[in-house]
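The same chain A turns up in both complexes below, where it pairs with chain B and then with chain C.
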Partner chain A sequence: MKDDLNIVGKRVVRSDSLAKVTGEARYTADLQFPNMLVAKVLRSPYPHARIAGIDVSGALKVPGVKAAISGFDSYGVKWGVFRYTQDHAMLHTDKVRYIGEDIAAVAAVDEETAIEALSHIKVDYEPLPAVYDPIESMEDGAPQIHDQYKNNINVHIHIDVGEVDKAMEKAFLVREDTFKAAGEAYAMMEPYAVVASYKNGYLDLYMPNAGPHVRAKALSNMLKLPLNRVRIRHINSGGAFGGRSEVAPGDLVASLLAIKSGRPVKLVLSREENAKSSRQVHDIIATIKTGMKKDGTILAKDYKVIYDGGAYSSTGPIATSIPFYVYEECYRFPNVRYNGYRVFTNKGIRGMYGCHGRAFLAGNEAQMDVMAKELGLDPMDVRLKNGLRPGEVTATKSKITSCGLKETILAAAEKTNFKKRWAKPSKLKGVGMGCVAIMCGFPMGFRSGSSCYVKINDDGQVTLVTGLVDNGQGNESMVIQVASEVLGVPMKDINLVCADTEVTNLDPGAYSQAAAFVGANAVRVACENARKQVVSIAAEKLGVKEADIGLKDGSAYSMKDPDKKMPISWVVREAFFRGEPIVATGSFFPNIDFEREWVTRPWGQMAGTFSFGTSVAEIDIDAETGRITIPRFTSAHDCGRAINPMAVEGQMEGSIQQAGVAAITEGNLWDKGHLLNPDLLEYKVPLACDMPDMDTIIISSRDPAGPFGAKEGGLTVRMNAYSAVACALTNATGELFTELPLTPDKVMKILERKKGVK
Partner chain B sequence: MMVLPKFEYKKARSVAEAVTLYKQQKGKARYLAGGTDLIPLIKHKLSTPKAVIDLKGIGEMKTIDQRDGWLAVGANVTLFDLKNDSVTGKYFPALYESLDATSCETLQMRGTIGGNILQDTRCLEYNQSLEWRTARGFCLRMGGSECNVVKGARTCFANYCSDNAPALITLSAEVTLVGPEGERRMKLGNLFTGDGIKPFALEAGEILTQILIPMKKTKGAYEKLRVRDSIDYPLVGVAVSAAGAKARVCVGGVGLAPQVYDLKNAGDAAAVKEAADKASADARPVANGTLTPAYRKKMVGVLLKRAVKRVFAEGK
Partner chain C sequence: MKTTKVSFQINNENVTLEVRPYETLLETLRERLVLTGAKEACGMGACGACTVIVNGIPLRSCLVLTPEVEGADITTIEGLRENGNLHPLQEAFMEKGAVQCGFCTSGMIMTAKALLDRNKKPTKKEIVRTISSNICRCTGYKKIVEAVEEAARKTM
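And then the complex of A and B:
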């Protein structure tokens, strides 16, 4: 691997930054087309009710209304990420299962007319008993939400490795604790929006999405249209965090309305609709039992984790598994049993989240600290002792290749003087450490790989075509930077065409953390193939060996004699003369065990590689109010080589906010099936003034298979930052948390519990 | 569906003109100042005025003057301008702190002191869209039969969330009201009815035109319980102003009206504790905010003691 890189590894301004900070960048809600209609959705006021009838004819009589639809206008095809989870028709004709569920919709010439028309739709409901708590939902006799799932258990993930019970008996110290966490809102800056138009049998859509190809496939199934007649186009996305991965009810609604009306239709959800009716995050109850040897070695783990899944499957099997996997990819568990249950309730649908699993992950890490303390050990040493090392295999048989876990632990500890401070916390000040690993991609069948097409144009500028998706994290800029490195062409001279099902090839999308390791790898390979063609002609023209050719600043030159050089545009023109234009493709398919299945075969290679990270939070607790403040936060992240360190640091800082500071502020509040904080006033996303001083440390493990050694950048912090805060609370108080977020009322209870013990 | 429903817009140039416009609308109008409280209410269809009468153009309501031993603050003065007026910080530190703690600076530049005092009371089950409230079923205040937070209750437990009214009450502020029946003046503390349906003792068409604060130097502080350090409304707010050893304390953020407590000797720790315990006991928070009621109740006393302690420890 060459180390004298020109641009990869440099702190460059992202290709998309200028348009975004000036407001030039267009998002779905900004789109305007001739004759475009505005859509509005009628939503269920009931948490659970049978639908006896829906009559949209009244809406059609309102002047200005051009179409009105309900589930009776659809084929009733049920969506599911897996064949065995197909339970979501998106517009149901039999019953509704949560407040805010899509029932019917209209398209009208303006928003006021559309709103007015909704009030003329008649829906005949027969309310049914509803259930909101996953524990109650599993009980016999609870209202049955879907006929096919007994006791409302949507998914049961059962993993059993080694001999857990025997190991627990042998353990020197065994501890069992239960931790809860309220589900979070994704709180993307951009509420969901979709624009659909239909002409000559072809459907054309824009929406923020994490994978256009998988979205087009789902829509073609639901609309019974051939796949080539559903086109999802590229548009900027105002954040996803896992919440824009799957086809959405709005996609079906806008498509049906566009087909009916023959006009383009735009549907923009309000902030409240986005919170109530698009997928949000699971509430979790995690019971964690750990057996440890006297020296701190983890002998066994036994887990029971309950996920409140809301009304439909969504990514159920994946969501029920991921918290376990990101933890077993970090630590060595010789014996482990995991029982994950995803349970239906009459609440909005719960999906995957970048910070998914905080009750489980923070619970594990905080419990580890309590056990370490009891054994007279330092928690950093316990993490180092149990942490996986390069070449090791996880409990469910994933081989770890590059691994900088140890380095992240040591770097974060050194920066914060962790050992000394943990050993002697001053009154109600604490320091805590959280570790995690993340798979870079996971099994998604033939969509697990990516391919790229590259052409070099007659002016020497480059066009890249790839299915890669950018949800705001900087993936587009990343692949432009990679192409710039390989082809020696400045970033500004590279145009990117991406995430458009008509022109781009399959890609995992901005999902499963695959963009850097998989998507950028395909771009690298394509560009290397194009580079060979350029080098061949340049060597011939300059009269030097191919091995002596370098490409830089848009020129090909002799590395031995840099005066010998020619612009790449001349090379390209020569190629055109020869009838062999510089075009190339490249693809990358990660080393994944495709026999692996989330429920039936939960073992085998999960991903091509894994990233690692350690966060250290420093907190102060106000003894009188229980209020936590976080003066400083340190995160160390093994992301392989950082392609753009500035972008990685940005992701790390965002993660500190979204997982770390959110651990003291964010959580959905419910009154039965009513979401009490569907807005950004009472749903407490941390503000700039709430942010700590941050130290971000990049550890470059140089992954052997990653593009220039890169892996995913940022997500480990999203999955360990809350652990650091929870552990710091334990360090400050000697007590474990019981529920996240650690709002002052919950912290006060912990302080009172501590006093009561004394 | 946060579309702003249609309404007529009228702009008044004088208080008299505003009152005349109100009369013309036959009571189906709302006065608009900064709009930071009113516009969200209209979007949520919690207020459905036929017309909105904009007071922002009334110059006489925008001034800050000292006269006859009072500081007369026009109701249109923005929170930001009042905060940065040199008199506020020097004479009324409790008010300075409450203004500084109100929302964020961007909204302080928009919101007015009059509008802040007359902001509607708030509840997690009330400040929601019409669709949300329809699904939930209307509460007492919306014409339903009982409170949606406290099952069976025939009274409203919404919270009055102005940061600044409690501070002004500790300063013995008064207000001038002008309406169809003429002008009157009352103690700010008397503006609150304790009635959930009609929280302010305003007659139809009355405009709060100015706030009058006695020009006496005070020591003071404002303590605010909230989850984030900006934007959030108070879950409990405690203002203290003192002259000599005498202090007046006012608790806001819990219930429909601010509660006042007088301390004859704020240096007496036992007396302060007694007042704190009483304030905690008096407070009846319910589960209509983002933190638990039991915790908020406890914090009333904690913040009271903290505010008093800060005033007397800092020797302000």
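And then the complex of A and C:
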């Protein structure tokens, strides 16, 4: 495809990387302010207990302690993403619901003093029976974790399209299987940290977060402060992966301590605290029934999926829905029924994860392969047959616009010689394919859109102001690149002010894959509006038509006679003279059906567009130990257009690690309410030596509404890489997996099962 | 509080400090010397985000007590520039897209520098093996390996 772009589509050096390679980039724990105090949190040792009393007065007597708080110092306002999920006060005074829950906190002059002071806080607990298994939790008579949720069912998502039962009867082949997966740890490299200070009635906060505006709103509610008095500031974020979307207990703790002490307060969680008490990933049990025609056409799907939701609602309705949607956005389901239950247990808070839903997604894909085999069909052909195409509508009425699903399937298959290898797997070597689609943004009410303010300064340099958030994926650099393209100003001359609630406007944040499609689109529109102003003055000054003006390298020039040119800085100065400086705004609001509601009305347009992707894993199994190795991994992703191909590849490669290799190594281990592997020695994040050779293929479907055709940049791999591994296991052994991760013990069971059949 | 005196060279400067006897080098760097490039991500030597070079050896500064480095020559990420120029590893990490969230980057670069200092022509396998001491959650390591290879080529 012909490309007349100068910067967009190029492998540019990310704007944030200089500060990061020199160690100058500041993260929350790096901040130091005069008179800053150190905070420590007292955490529940019980999975479930009534609180008879909390007395922090002893802590206040320790020299050097400047403030001590518990939930009794807060308003007890309960947070929830939705009105009907408001159940988390962050610091509860009546009950604790998981081991590690925040109870009370102190701020002191140094860490030792703070730790000592915690031992002087008295909490009277009355232990209650607890429940850890979501199936047991749903039974009558199970310990009730919240009074208002019967049988501990937090959310029930019920979707019913077509006539599932009739279609199952008509199907040539019907199969039902149950798949389990342990929740993973986000394991973002930066443990959660927060710095809060309160001066002149304004609360300033720094913390790694995926959405400062929604966080400020939550804190304003909980602290009963006007929204403008809560200012979340920009700071680098050491990874989020979905785990930093919501307000965290530490946000409230640090705020209360700062307000009480009148001094800046820093709270930094340890790795173990981060794993136990920030956010965890749902454990999932997915029962999947599929009816297929003889030719491989999917006639019906019937799902029952149970999500172990831990102690609080968090993003409950969304988390209970997303695995289903990313699958129905990929394949055609004429009849489908989905019953998703999110169930409370006495475990940590569970939120959304970039790789969320692996039991469900890998289960679907592996089962599809077993059915294809039984029908004598090739799994790639079955995926092509059932895959959605441009212009089609999903089961729950989302229209697909740009769609490169077919191209990703064909590209990944060709690169790996998939068909031949799948048909004839050699002994304990297998190849597997996983597909998925991802919504680029989802309904978040008036926060679903983004806007940007741009000004061009008298030196020709540009300042962009946007609510956009970067958690490490490169969003900041991406919008600078987009602005550079539109304004013809080098990236180094563009300054970005972002994710600061005092100055930036609302933005969806970095947690619904909306940054490129929505955030960068707003930047593009704002810059186009500024460009028009520049072009108008330059045309007048250079004596050429506006249509003939080009902007490049900081100059405006005549495209017909390139000798006629002037620096953009001169244009800007002229604009100042006229009292009309070059300033512009631009917004983008995606085409979403806002009548849509996760529980009560689960249909309508989900997002402005969707990305598509296919991964192929090649695995070897050691017959003696059950250990899987992954020599090669191939992923193809339709991102519309790669604004920075190097960044998109980086997202895809990271996803192969975090979802693909993680499928054989990662999972939280529990003994009742105790998380057994909260640190990075016991929890196995893949290392360089664990990584396969990786091929990444970028497919460009050029989305009609995306900025320069762009959609999100790589999340499909995060939600299909484990499927590819699970399918490769099926190819190698002829057996379906039952539980992820595929650690050697589980693989040995599969190999024994296989022998037993013989 | 009881303190102990310790002197060492850091990024070509001599310092003498009074530290707590149980203070880790990471705490000294970050809190006393405001060299915050080294990060605490695990606090138990599992991840390498706090790696600095002590007498030519990459060490996890969260596992080293400051009194132990008496007389040592220490380099941190902040000391990598020479005459204001970036180290080839820093350039290569930028150019190859080896940086995402950046939290592991300092430690990763210091581990790679110690490798290149002792082995000017490492094979890809040696690079992979060496940086397997450090955890990166974002990149899948491919571009990090490419960056180290590129820096090795450039420093030849």
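In this text, the second predicted complex is superposed on the first by the 755 of 758 C-alpha atoms of A that agree within 3 Å, B and C clash if a C-alpha of one lies under 4 Å from a C-alpha of the other, contacts with A are read in each partner's own complex, and residues count from 1 in each chain.
Assume a residue touches a chain if its C-beta (ideal position, glycine included) is under 8 Å from a C-beta of that chain, and two chains touch if they have at least 3 such contacts.
For clarity, every value in this text was computed on a predicted model and none was experimentally measured.
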| item | value |
| --- | --- |
| Clash or fit (per the criteria above) of chain B with chain C on chain A | fit |
| Partner chain(s) touched by A:Arg11 [first = chain B, second = chain C, both, neither] | second |
| Chain B versus chain C as contact partner of A:Ala647, first or second or both or neither | second |
| Chain B versus chain C as contact partner of A:Asp140, first or second or both or neither | neither |
| Touching partner for A:Asp563 - first (chain B), second (chain C), both, neither | neither |
| Chain B versus chain C as contact partner of A:Arg271, first or second or both or neither | both |
| Touching partner for A:Gly23 - first (chain B), second (chain C), both, neither | second |
| First (chain B), second (chain C), both or neither touched by A:His674 | first |
| Touched partner set for A:Gly239, first chain B, second chain C, both or neither | second |
| Inter-chain angle, chain B to chain C through the CA centre of chain A, in degrees rounded to a multiple of 10 | 40 |
| Which superposed partner A:Lys40 touches (first chain B, second chain C, both, neither) | first |
| Greater chain A contact set [chain C / chain B] | C |
| Minimum distance between Cα atoms of chain B and chain C in the superposition (Å) | 5 |
| Doubly contacted residues of chain A, that is, touched by chain B and again by chain C | 270-271, 681, 687, 689-690 |
| In the complex with chain B, residue positions of chain A that touch it | 40, 43-46, 99-100, 111-112, 115, 270-273, 624-626, 665, 669, 671, 674, 676-678, 681-682, 684, 686-687, 689-690, 743-745, 748 |
| Chain B to chain A touching residues, read off their complex | 1-3, 6, 104, 124-125, 128-129, 131-132, 134-136, 148, 225, 227-233, 290-292, 294-296, 298-299, 302-303, 306 |
| Touch list for chain A against partner chain C, complex | 11, 13-14, 16-27, 29-30, 32, 187-191, 236-239, 241, 268, 270-271, 471-474, 646-647, 649-650, 652-658, 679-681, 685, 687-691, 694 |
| Chain A contact footprint on chain C (complex, rising order) | 30, 34-44, 46-47, 49, 76-78, 80-81, 86, 89-91, 93-97, 99-106, 109, 128-129, 131-132, 134-145 |
